[in-house]
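In the two complexes below, chain A is the common chain; its partner is chain B in one and chain C in the other.
Moving on to the complex of A and B:
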């Protein structure tokens, strides 16, 4: 069995146990492919994402954990560090600052932290980054909240 | 979010209470980074260092701990309660300091019992005849290889120079003292060994005592490096590299005969001694 498979299996078992411990993250492994995962994360409170549930897609590379997993948002989100169309995430730990001590679970936590603390100086979504950089926090919050309502919340009947 | 949080996560990841942070399995061949002492499987951390070094153009001399990001220059492993080995990050690409075949053989000698060749070389006679005062031109070559094997480093010049200096000044002291007060061979032997041990200890640590025995044995043998090795290897029961490949039965039988007779080496020694 490859090292990556063995490690993902360990993570799987851990996720099953930790489910209750972290109610903000729900990590699910694909039924047929242990290298494909999806996660549902709750938008952090006191942010325009509060109340939303965001879906992430993980594609785990063969050399994992020596290489980071590829993660993107499946749910539309208005955030300076997330590509508006593809859902690609600009986060150092998913690139150069990756460490094999991170797990899929802890990557989810890092993404939640990124949602609460955007980095407008390395934007993938320039419109969003520009709003924050020009100091228009109110404008940013209102756009982000609108998209949260549109894409990340259950439709009200 | 600090990476440390992962390590200190509330519940342990596996049945094993302290899993390797890289494979998340029980730690295999426990090893530690030298600054932060975080623990990993030897192969896991080695693989990670290889990945990191493949991403930089310069030669890597230190690596950030995957858990705490502190810089470390080596992995400490093979700790057995007395000694340990260090695997340096800057040598990781070539998979560590590569011991030559001869250095590897010397290292293996250190796993045999001390005094294993005591019957072959006449060590007391060496001291009685004050043969330490005679120059031994193979001494430095032998010491260099010994230090390289034990320290697993290529460049041992400083330690070598230091040991040679200590030996020479000890010899000079004996030579001068001879005129005034003669001291017993045993005292000289004891003092020699303690002086060498003191000089070598900072570098060889737990292997110092055995090293001193080996130095004494080599000097007492009066042999060159090759001849000394031949006897050592024969005693270890290893095949001489020259014989591999051309192993016809007649030669093996002859070899067998020579091995069972222990005396030829005493003869060798005597021939060389006067």
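Moving on to the complex of A and C:
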């Protein structure tokens, strides 16, 4: 418990320092619980997620950083490696390829990279994966774009 | 000198790939996902061994693996190899029944494991019994090499109270810290692991308030919050060494897993539970400047029909000849997919007997 708390505190300080360096990520710790974090990440440019802001929820387990944080999308997103209903993310570093060399901040960067480079061969969202696997990039882009507009863009007026 | 440098012919690799799938199926049936690595075959190629046909090799690896697996379950204690192989596949929870680091056991516990095993294995165990007094098993959770190294090293320092060795390794640890910083690792991601290892070094030297007993060392090695942190420390050190000497390690990594140095470190060194290979051992031994002897227990035999137990010494780069002549104080027993700790009767005797 002590070790994970100390580590998270260091990450907290680092996040404050890095705020300017990484304008695409806004990582915030819960006021009362250092094991709960949320992040706002910007959809990468030249992807159907561009212009969208996506919210992630982090639940950090007690053995952190020996074990990975649990991360899911709170904002609905149409992406082959994100569960459409639960927001669960299929990313190796959040499972067996996790190592303490990663941080909450670098996990956010990895998720942004995943948004830009989907892996349709290990889909959590089969509809999305199938569009890409069948080569229907246009269909995929328009679906992903639609959900970005519906769920990840601030409503006008 | 290192067998790492032994060039692997393309034919050899092809042959390896050819029967690898069969191996995989056999192993998967009988035990936890023990991995058969090219290391075994590299090793085999660097010693005079009789050519066994493919089925024999497959049987060989499966048998050893099955025996290791069988030992993991107490209820399997007396069952034969065949039974062990027909047993359903390994469950992760079963590994948790074995402590991270076990008690010191007489070497006879090893032969008990192989009662129904191959005559070659039994003969090799007999040779081992003449050279080693005891074995200490570690949990087969993918961290067994690092865990064995950790305990063996700390136990040696605790028993020898070798302050010069502690001072020496601390210099290397600081070098490793610099290495990681130069590679762009964020300090706070690894410093806790470094601090905990350095703390153990100070604690095992007697004469301070924090000094710990042998029992406490055993307890700490079984306590996840210490044991896993030190394993992780070694993983950082290993990854740092491989990355800084990428040019040296690249050919072996490409030969082993057909991936880049960076990907290899990210997927096979840094994550907990990823098994170790000769690459990891070489890198850790070099980075910390600690020699490691690995004794191989498999079913290979010599041309003349005589059975010897092969071993390989991982001697850190920059070791002078005089130091190289003395046997490493860390001896590990390697059976395909798993490392345990061995205790020699006396280091010089072992050298005489094995180096034939």
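In the analysis below, the second predicted complex is superposed on the first by the 156 of 157 C-alpha atoms of A that agree within 3 Å, B and C clash if a C-alpha of one lies under 4 Å from a C-alpha of the other, contacts with A are read in each partner's own complex, and residues count from 1 in each chain.
Everything that follows uses one rule, which is that contacts are C-beta pairs under 8 Å (C-beta built on N, C-alpha and C of every residue); 3 or more make two chains touch, one makes a residue touch a chain.
Everything numeric here is computed off the predicted structure, so don't read it as measured data.
S.K.: Just from the overlay, do chain B and chain C fit on chain A, or is there a clash?
M.R.: Partners clash after overlay.
S.K.: Identify the partner contact of A:12: answer first if only chain B is touched, second if only chain C is, both if each is, neither if none is.
M.R.: In the superposition, A:12 touches no partner, neither chain B nor chain C.
S.K.: Counting only touches as set out at the top, which of chain B and chain C does A:3 meet: first, second, both, neither?
M.R.: The answer is both, since A:3 touches chain B and chain C.
S.K.: Could you tell me if A:84 is touching chain B, chain C, both of them or neither one (first, second, both, neither)?
M.R.: It touches nothing on chain B or chain C.
S.K.: In the overlay, work out which of chain B or chain C sits against more residues of chain A.
M.R.: B
S.K.: Just checking: does A:101 make contact with chain B only, chain C only, both, or neither of them? Give me first, second, both or neither.
M.R.: So A:101 meets both chain B and chain C here.
S.K.: Just chain B (first), just chain C (second), both, or neither: which does A:65 touch?
M.R.: Once the two structures are laid over each other on A, A:65 reaches both partners.
S.K.: Considering only touches as defined above, state whether A:113 meets chain B (first), chain C (second), both or neither.
M.R.: Touch partner of A:113: chain B, not chain C.
S.K.: What residues on chain A does chain C touch that chain B touches too?
M.R.: 3, 6-7, 10-11, 14, 63, 65-66, 99-103
S.K.: Where on chain B is chain A touching in the complex?
M.R.: 1, 3, 5-7, 9-11, 13-14, 19, 21-25, 44, 47-48, 51, 64, 66-67, 69
S.K.: In the complex formed with chain B, which residues of chain A make contact?
M.R.: Of all residues in chain A, those touching chain B are 3, 6-7, 10-11, 13-14, 17-18, 21, 63, 65-67, 99-103, 106, 109-110, 113.
S.K.: For the complex, give me every residue of chain C touching chain A.
M.R.: Its residues touching chain A are 185-186, 188-190, 192-193, 224-225, 228-229, 232, 235-236, 239, 266-267, 270-273.
S.K.: Under the stated contact criterion, what part of chain A meets chain C in this complex?
M.R.: Touch residues, chain A against chain C: 3, 6-7, 10-11, 14, 63, 65-66, 92, 96-103.
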